[in-house]
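Shared between the two complexes below is chain A, which has chain B as its partner in the first and chain C in the second.
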Partner chain A sequence: MSERVLRVEDLSVRIEPDRPGGLPVRAVDGVSFEVGRGEVVGLVGESGCGKTLTSLALLDLLPRPRGRITSGRIGFEGRDLRALSEVERRAVRGQEMAMIFQDPMTSLNPYLRIGEQLIEGTMWHSGTARRVALARAESLLTRVGIPDAADRLRAFPHELSGGMRQRVMIAMALLSDPSLLIADEPTTALDVTTQAQILALLSDLRAERGMSVLLITHDLGVVGSACDRVLVMYAGRIVESGPVDAVFGDPAHPYTRALLRATPRVDGPPREALQSLEGLPPRLDAKVTAGCLFAPRCDRVRSDCWTAEPPLVADEQGRARRCWVPREEFE
Partner chain B sequence: MNGAPLLSVRGLSVDFALGEARLRAVDRVSFDLEAGRTLALVGESGCGKSTLARAIAGLLPSSEGSVQLRGDELLGLSRRGWRPFRRRVQMVFQDPDASLNPRMNASSLIGEPLVVHQGLRGARLDEAVCELMERVGLDPALRTRFPHAFSGGQRQRIGIARALAVEPELLLCDEVTSALDVSIQAQILELLRGLQDQLGLGILFITHDLGVVRHLAHDVAVMYLGELVERAPADRLFAEPSHPYSRLLLSAVPRVGHRPAAQADGGEVPSPLAPPPGCRFHPRCVEGVERCAREVPEEIDVAEGIVRCLLRG
Partner chain C sequence: MTRIEETGPVRRAFARLRRNRAAMGGAWTLVGVVLLCFGLPAALGLDAQSTDPVRHLQPPGPGAWLGRDSLGRDYLARVIVGGQTSLLIGLLATLASVTIGVFYGMVAGYYGGRVDEAMMRLVDFLYGLPYMFLVILIMLLFSETARGEPLPVFLALGLIQWLTMARIVRGETRSLREREFVLAARSIGASDLRILVHHILPNLLGVIIVYATLTVPAVIILESFLSFLGLGVELSWGQLVSEGVDVLNPIHSYWWLLAAPSALLGATLFALNFLGDGLRDAFDPRGDG
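Showing the complex of A and B:
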């Protein structure tokens, strides 16, 4: 990897109980990873695995007061974000580090025209003249593939389709020329043809601006087609990471392998049975057991899996896995 | 049992009145579904696939056409007229939360149709509920729990158990796994496949996920702006899709090591309130020629299916 944009070390997030007598949840536990400049990294896992809370922690947007970072370092463009003051962090968030979410309607103000929402940030942060800000907004809308951008500046969010609204969100994120875009399920609510357009747009923007992308998704197909590297999360931990083609072509963790076998593929054999992964992920509020958290669902489980949790061990090929079963015994 | 297909739909249309305007959500759709087979109905949001299923189930009024179950006409039946067929046609929805009464426990939810349709009571009812729960992979010991105590996948199993309680012949499944995680989705899909093998159910499976279709369907019908544009055996549709829209859909699916093909112009589905003249797909079609904007394509019969395109046949 060349230059690093983001370096997360040993990040843990705790969510306090919402009622007296409840137990706190260790939602993210000792997560470490890096994102290189111009790299697209996929953070993949099933609901509740901690992928969204990881991204919210990076953006300092954990739900308050219940959610907080309990440990770890977030290195971004050479600074430790956790050591910055609130004012300094605000300058990073939404500027150098921008974000888009699954549902643009929750991020867009339904009462404001698209143009007003697009120029608000620029005028606020850099004191740009309204006319200049509008011209820039128009050129960005054109860049993200919105036809008749000048007209669209006067539209309200509800007048746009879901795909067009997501393009507006991307344009808004690009206003500050961020070095990292965090995209949380950006195409999950979209039809497959629109999804393909948005993924192509993100890929083009990465190429032309050298922008890094952290793509959070549950869809292995999206990761496989759009990302350079993948981080697989389970029960608040990264269980496997590495280059996408290597990890998906030859998974080294039983959970990654099970996920791939459970995923229906258009290019698979016809009417082939899916191998389902039985059981459910563990609850993270209970007293966490000593062993590997995947052990109860694992098809390769052995006695040492119940006694201690395996560490995340990296190899020379840039891959890492958290599993007691030796790699050579895996297949 | 007579020789008529399990489900036979002919020229079925559904209209919605929107003030002065009329929205034709389903436009002259025809197909057959045999027992023990799965027909997947695919298409993008708003294409009319859910409306079609609801019209077949008698949950929405249809404007014209015919829906026959083993040769008996269902269209135009009163609520009372539907009663003998209600048991034979069951529907499972995407969101089990919206279709399960939160104040009823699993036992009452699954047992309700048994009480209504078969008049079961007491120990026999309890026995039947336990048997159904086992059949869909739920622990009968959990039958006194309420929906909120179950996971999303378990709630979907309750929905399926409820539908199976009355031993239906036809199951209409509307995006039943779309809200589920992939590991849970695989469990539900394998459950449906196993039940079909055991019970010989005919399944109309509505989904936007072509990967799911590949694993489940014998036949596929592709819908665009209310019309079927192609119907074909699944093998053929995936190997050689004929209609340009089927090709676009398949090429857009992201998969490992394959950058999905994106249409450069940002082509979007036009409003069904004002469908384009000529072929409805022509503004987005890469193969379109001048006459596609003028002439309306009709269904062309091909082996074991149809295609609606001026450039085919």
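Showing the complex of A and C:
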């Protein structure tokens, strides 16, 4: 897993205020991570911690005109995406990097037939003939588990169930054979059975195509079953990262620990009460105060936590964490 | 799977429309009025211009089914030819307002931010001006000879009517552009133009059609009003109504001069309003399957 598909360095995203006199929000602040070829990386955190904005920034799809990348480098397949022209970036988006979204109910245009939406990308990017593109779309629909694919191409979105639509979205993302698939909470809007099917499908596709996946979710169970590595985000920063088994087995940041304690487990001790994490993530619009941003909610908080923000420190096992509390004290 | 499920949203909307009696009545009335105004003059060889001083103000009867006006002109012919102008102005001004309004509103709504700010301030400004003042100003821009022709009138009305269309389309576009299918289209590399034309426009269709059918009667009324004031065209329903009112007096009513154009104008406006209402309901996605 030495070859890297994506290398993000020091990425920061700023959202401008929507009214005069408001303060800009530093929604993503100095995020760095890598995704290896064929690797599935999970990006977890509470709502509003910057997961989705991070992924939108990768594709240059930040909400316009308020969202803006203020610094950082996005290395993808050996190129710096931020240095590309708009036209070149559109080509990358269409062909090498694809994204699927949270709500399959709204991510398909209700006025276009499934076939039209599926092939629109390939038709104008690579100038594929309509007939060829439709044939390919049909075989991909079959591959993602949609029966009667030929009929479905002529269907409108409202005629499909949520799970079916998410499969269509996956097929649409796969049509150009991307090397990186960004999946933004692809299973959140689906029921548990469908969720499991979609995750299994993603992991099969990853295996057969050598595709990398950046899986954004707030469901730790999904991360545990589907990902190789995990990045835990809090308040626009990565607070802990590492291989999933290591991080979940032995979390080294109080936030990760709190998240895990709040997650129900099938194989956990019975009747053990889940512990919720009190409070809300900090507002990121004010002048950020000195100290660790998690300190107000942290159960291990100590005096140095209020004075300076801890750096993200990596160890030799490929793990990294952002905390002043020494590692040993977590045992 | 039922038949309806296999069809697209547009066809389903028309299926719903067909079940709406008032709207269908409106549609057929409209077809009738259009056939009457555009088919009849050629078929019967009607003459709306030649005068006949001897038979002036003749009441309806054989030879002149709607009587004659103060110059002895055949009133049936005048009402029908006037209808041509009124309908054409209604249609053309609506077309102009739809074209400008949709384009303007989509650009402002899609790009948002400063572009939107600047574009909508212009709309607010034009809204703020009394529209009569604007219309008169535009009419004055045309030479003396062009006055009384339909072109300046429809231009003036179209230029006023697009403002509301632009606002409606801009609002809809703003909400549509936040929908995930737009993000999904961008994520596969669609250009702004393609997203606007291919993804946003079809979703606006319902609103546009509905508002357009409501604009036609508004324009016809405005034109009638202008004609009534003497600013409109030479021969239209509004202008005929105005003449009818002029000759109205307590001794001789000459009722047909007022009744004929008013009845046709009224029927057309009702028909358009019913059709517009029906279309709005038909395109509402919450309607039944």
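One rule holds for everything that comes next: the second predicted complex is superposed on the first by the 330 of 331 C-alpha atoms of A that agree within 3 Å, B and C clash if a C-alpha of one lies under 4 Å from a C-alpha of the other, contacts with A are read in each partner's own complex, and residues count from 1 in each chain.
Convention: contacts are C-beta pairs under 8 Å (C-beta built on N, C-alpha and C of every residue); 3 or more make two chains touch, one makes a residue touch a chain.
Computed from a predicted model, the values in this text were never measured in an experiment.
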Clash or fit, chain B versus chain C on superposed chain A: fit
Touch count on chain A, higher of chain B and chain C: B
First (chain B), second (chain C), both or neither touched by A:Ser276: first
Partner chain(s) touched by A:Leu59 [first = chain B, second = chain C, both, neither]: second
Spatial angle chain C-chain A-chain B, Cα centroids [nearest 10 degrees]: 80
Touched partner set for A:Tyr111, first chain B, second chain C, both or neither: second
Which of chain B and chain C A:Asp245 touches, first, second, both or neither: first
Partner chain in contact with A:Gly121 - chain B first, chain C second, else both or neither: second
Distance of closest approach, chain C and chain B, by C-alpha atoms in Å: 10
Set of chain A residues, in rising order, touched by both chain B and chain C: none
Chain C - residues contacting chain A, complex: 5, 8-10, 111-114, 179-181, 183-191, 194, 198-199, 202-203, 205, 285
Residues of chain A touching chain C in the complex: 59, 61, 64-66, 90-95, 98-99, 101-103, 106-113, 117, 120-121, 124-125, 156, 158-159, 169, 172-173, 176
Touching residues on chain B, where the partner in the complex is chain A: 44-45, 151, 153, 181-183, 185-187, 189-190, 193, 208-218, 234-235, 238, 248-263, 266-269
Residues of chain A touching chain B in the complex: 46-47, 145-147, 161, 163-164, 191-197, 199-201, 203, 218-222, 224-226, 244-245, 248-249, 258-259, 261-268, 270-278, 280
